[in-house]
Amino acid sequence: MDVTVTVNGTTYERDVEPRKLLIHFLRDDLDLTGSHVGCDTGNCGACSVIVDGVLVKSCMLLAVQANGASIETVEGLAEGDELTPLQLAFNEHHALQCGYCTPGMLMSATALLRENPSPSEDEIAKALQGNICRCTGYWNIVEAVKSVAK
Amino acid sequence: MLLREVEYAKPGSVAEALELLAANDGARALAGGQTLINVMKARAASPDMLVDLNGLDDLTGIELAGDGTLTIGAMTTYTELMGSAEAKARPILGEVCATIADVQVRNRGTIGGNVCSNDPTNHLPPLMVSVGARMTIAGADGEREVSAEEFFLGVYLTAVGPGELLTRISIPAGKKDGFAAVTLGADGTCIANAAATVNGSVRVALGCVDAVPVIVTAESADGVADAVRAANLEPPSDVHASSEYRTHLAEVLATRAAQEASAR
Amino acid sequence: MNVSGERTFAAPRATVWQVLNDPASMAKTMPGVESFDIHDDKRWTANVKIPLGLGGLKMKVDMEKMEEREPEFAKLSVKGNGVGAMMNMETSFTLSDAPEGGTAMAWSADVKIAGPVGSMGQRVLQPIVNQQVQHVLTALDGEVQEAMGKTG
Amino acid sequence: MIQSSETTLAPAPVEVQKGWGGQSVKRKEDKRLLQGEGVFVDDVKRHGMGYLHFVRSPYAHAHITRVDVSAAEAIDGVYGTLTGEEVAALTDPFFQISSVPGANIKDFSLAVGKVRYVGEPVVAVVAETRELARDASELVEVDYEPLAAVVDARVAQDSDTPVLHDDAGGNLMWSGLYSWGDLDAAFAEADRVVKIPELHFHRFNSTPLECDGALVEYNRGVSQWTIHTNNQFPGFAAIMMGPAMKVGLDKLRFVTQDIGGGFGNKITSHPQLVVCCLLARKLNRPVQWTEWRTDFHLSMSHGNERWFRDTEVAVKDDGTLLGFRTKALDDAGAWLRYEPLGGVIWAQVTPGMYRWKHIELEFTQVATNKAPVSPNRGYSRMQHLWFTERVIDIVARELDLDPVEVRKRNYVRAEDMPYTTPNGCVYDSGDYAAMLDLALGLVGYDSMEARRADAKERGKLLGVGIGSTLDSGTNNFGQSRLINPELQFSGNNEVATVKLDIFGEIVVTLGTTPQGQGHETTAAQVVADILNCSVDDVHVRAGHDSYWNSHAGFSGTYASQFAVTGLSAVKGATEMLAAEIKKLAGAVFGGVPAEALELADGGVRIKESPDAFLPFMACGAIINANNAGLPEDLDVTLNCRYVYRPPFEVPDVETKMGNLTLTYACQVHVAVVEVDPETGAYEIVDYAAVDDCGKRINPQIVEGQVMGATAQAIGAAVHETYEYDEDGNLLTPNFYDYHVPHALDMPPLATGAIESPSPFTPLGTKGMGEGGGAGIHAVCAAIQDATGQIVTDSHNPYQRVWRLLQEAKA
């Protein structure tokens, strides 16, 4: 089936099998390998992206379902080499180690901050509940997000 | 990961969706996909065709009638329900939805999908039973309505037959509700849960203990534990809970839910 | 997983025995049978599609009668091979004359399920198995009644 | 949510770095990872590559009676398959570390003739797309004849138990008796003998978020494979794969950039890598393999499950520990992929943190129909340390003593350092009692009784528990000879190269395969301090490539050693480079001796006349591109390779004595839990983690490691378990049932640090990446405190706590 999506401002048109998950479409067909796969049951959130303004796990959405959508992924956060305050805060607070969960974490935190620019610590943890990190224990991730909260 | 081949259809109306479902034996409705897609990844089930209900306006929306009855479109997401001013009329709904999985799942997962999958660990089947929800099912011959009690038939099986769709859920007015669960970590997989509603007497629906929610009633919260014992539950054992432990949790959680409901 | 139970049929033992030992009648009691092949009086094969709410589970099921003592006892081995699941079941039943008339059947089954479906967890599988068993027993009742109709 | 406190102790005079070392320099690797520009193994693509999917066993134990791949191969887009039969013809079984009987098993990269655990790879299928490869794998017909399975190590050696490996003649894989000191004397001297019938350390692992994978290319012209993989110990993979594939190690090139977590779990992917290699050659195209989560849970690197049985502890009435004897029974799963090294690795921490003098441990490892075990963060020591901690708390309870006092009475004391253990290991430095005080202070231990009363009012049972462990780092591989005296391994090594390139770039290559430990950053800190430049001027190459010539036999990232082996190699290479730069400058300046020169401001200058300055750019250019006229005997390349070799002797095979590890970082954790007595559900309401890893090059990275180890320990203690049913089906094959901690599950954390530099390492550092699993015990002890019942399992889900409470009532 023909699928047209706009990812980080660029429009792509591809022919895909209906069974292809959005995450595989992004990674394999569009070569946007920033979003990752860490599980096969929709638990880990490493594939989190924002579709038409809504934070979703791209492993529980078919690529054909995203037809016509505007998608934001980790690759689109920074303007060129200019990291966002959130990305800088992750560096400042050592909120990443292996970096595999990081793209999903950043997307979840980005979605949170758009909706709630001054989240409490509990609200941050609740917003990151869908993203598994096995390296950091989350404390520094929460600190990083807190540091850019208004 | 990696689904089997499947056809995909995106109907423009409920009628078209019903036609597609009726015409294709192996077709399944795709709601939020937060359960179905995962089951398909495991290839534990592989429908021949997915009929995508996303975008069908007739299946969304939350209305509050003058008598306090809430009518919720089956494709309403948990997030939409949590944010709905109308849904605050029955506060337990938003409260329970807020504990389902995580933000991403709540953004996609739908009320209709939750009840139609009727996984024994889901939160909404017992809640729908305790609040006395009524489910509207559309088919080729029009619509019919069944009570939540009649709706749940088995694991992954409901009164929604081949060629049919759950279109909306209506919930009568009320506030005296409670919900209690033991989960694997915060908002994790459910080990046992219970939903209670006080309407004169107490009505509790127990989740995770059988293929469908088990109803017990009592005069007051104090009598709930006895009522659960009298139900002679034989819940399944699994890695998280033996049948004995689940039986015990059912009793404790039923009482807690009933106490919460009574206290409102 | 072990499941067992007892059931009484309003029919003489010979009729119940006949139904239970007729592959064609048994086929009618199984959920979602799409085709059925009888190899000999001890072995038969069914292609089934077990109806699950999320989509049917297709399985090729081989049955073999391991033991029988007419008209009271039989033991069957059932091996199912599906893409999402493998099932191994040993089931047996004992018939006796019920005190209040009719035939009493005591049955038990040891069911093992492996593969992706198996990984869905006991809390899902156990209710599903119970559900399918109920389906079989209800259908069995119907078959026995039908056999009564034919013979009576 | 987080609070920190720090103390510095310097019991021994140690030269430590000044300047960049010791600063929390922001990580150099973060930028690419934050932009989604890391390169993980599944990101690597090649033209015409085929995707590999494994057909896996649905049975825990079965004979394979028939394999038919014809239907799969007939599909359009399927490139080919590989069966166990082909593997058996093309390769030799993997080399076994074990002595007999484990030495006799025949381990191939696909199941041959028999399957031994659910999820074992049986056939590999390669196709044009990922989906198609899986489709085709469903068409591979395999007939099995199921056999009874053994899933409980305790009955594995019974006569009526099925045998996994007929070649081994039974399920016993390895056994050995370790006995040090004088047990009889200890028990004669004891006032009390505390008996503990059985303790169980459960099966789990660290579940790195990225699963295993590879992209393998075969270069037919030079008969050589390039293996892009996230294997974290390519040196080990190579020595397993080369002999099996009957090729020299130079034919196996390992390339890695970013790895999505390892924790030891990515050491033993060599069987899958062999399959990829064979198929890349057979099909003459690049082969890509990505392991999915369920595959990982079913088949990869479970941590060693261990039972401690018939334990007897000799103690004095005042709580002085004299000695213990126990029988450790280790469940290896179906294959020995790194085992039975777990049978000796624990001996690095034989007495735990205590001054026990007399110890006897009978170690037995058996095979079961479960996934093979392999190293997991805290490998084998964690099990043993949990055991020693459990003994302390059980003894304290039996003697009605305070667990804090029993610990302090028996801890190895600061003044005893360096301390030689009964088996000849040397604890380098530390003050365990001071760490405990710090940790207790962080949770407000003094006010615990008031909190207990407050919890009781709210209907909760409060408990507080301690876990004190060692993270022994930098292995002496000579300990493998205690397992198998025939083995020719000993010592350890790691390599770094540091060079000055043509435009003066400082380029560092490491032999390691980091998975988030920040090696690019800490290596740059060490280099910058020696070359007296900025960390921004140091380019540490990302990842690992065995063709960079910067790897040694033991290269990799495992076993808590980078801060010692890796950074010492970096230090050595950088010092060589610094000396060469001075030598070159001396020649350029016309015979100025090295002592008169100094490195500063991105160049080298004469101390007395700083205007005589040669920038690094000039140095690099002269040697690399403008070298005419240089003195003939000037042996300067500005490309320095250094191999760090820690000071080790070969352990004594007879007495099993020897120094098995160079450094001992230490952790003291305290957990406070509140139990809901009606459900057994509990919450960790307070947590303190105090760590001492000697000199910290980058305190923030160190704290990050401590936090991660803490979270993993909490996860293991409360939720994470690989549990099997009696037929050998894994009941927790995904994150739905294998619950790892999420953000909302984390307790408030207070961290503390003490620095007691190691006197044995060039930088005063100690390896510290694994943590010792202190948190697992802290939670167990807290539950024991809250319920009043002895905790005998390392895993305490709500259900088990509820049962403990039922037992307390009864």
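Lettered A, B, C and D in written order, each chain numbered from 1.
Going forward, a contact is a pair of C-beta atoms (placed from the backbone, for glycine too) under 8 Å apart; a residue touches a chain by one contact, two chains touch by 3 or more.
Please read these numbers as outputs of a predicted model, since none were measured by experiment.
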{"item": "Contact pairs, highest-scoring chain pair", "value": "A-D"}
{"item": "Averaged-CA centre spacing for the pair chain D and chain B, given as whole angstrom", "value": "43"}
{"item": "Between chain A and chain D, centroid-to-centroid distance (C-alpha), Å", "value": "29"}
{"item": "Rounded Å distance, chain B centre to chain C centre (Cα mean)", "value": "31"}
{"item": "Chain A-chain C separation of Cα centroids, rounded to whole Å", "value": "49"}
{"item": "Set of chain B residues in contact with two or more other chains", "value": "1, 3-5, 42-43, 102, 186-187, 238-239"}
{"item": "Residues of chain A touching at least two other chains", "value": "17, 19-20, 24, 37, 40-41, 126, 129-131"}
{"item": "In chain D, residues with contacts to at least two other chains", "value": "130-131, 138, 292, 294, 731, 734, 736-737, 741-742, 744"}
{"item": "Interchain contacts, given as pairs of chains that touch", "value": "A-B, A-D, B-C, B-D, C-D"}
{"item": "Touch list for chain D against partner chain A, complex", "value": "1-2, 24, 26-27, 29-31, 33-40, 42-43, 45, 130-131, 206-211, 258-263, 290, 292-294, 515-518, 700-701, 703-705, 707-708, 710-712, 734-736, 740-744, 746, 749"}
{"item": "Chain B residues within the chain A interface of the complex", "value": "1, 3-8, 10, 33-34, 37-38, 41-42, 50, 52, 54, 101-105, 107-108, 186-187"}
{"item": "Residue ranges of chain A in contact with chain B within the complex", "value": "1, 17-21, 24, 37, 40-42, 45, 48, 54-57, 59-62, 64-65, 108, 111-112, 126-127, 129-131"}
{"item": "Residue ranges of chain B touching chain D (in the complex, touch as defined)", "value": "1-5, 42-43, 102, 182, 184-189, 191, 238-242, 245, 248-249, 252-253"}
{"item": "Parts of chain C lying in touch with chain D, wherever the complex brings them together", "value": "83, 86, 88, 112, 114-116, 118-119, 121-122"}
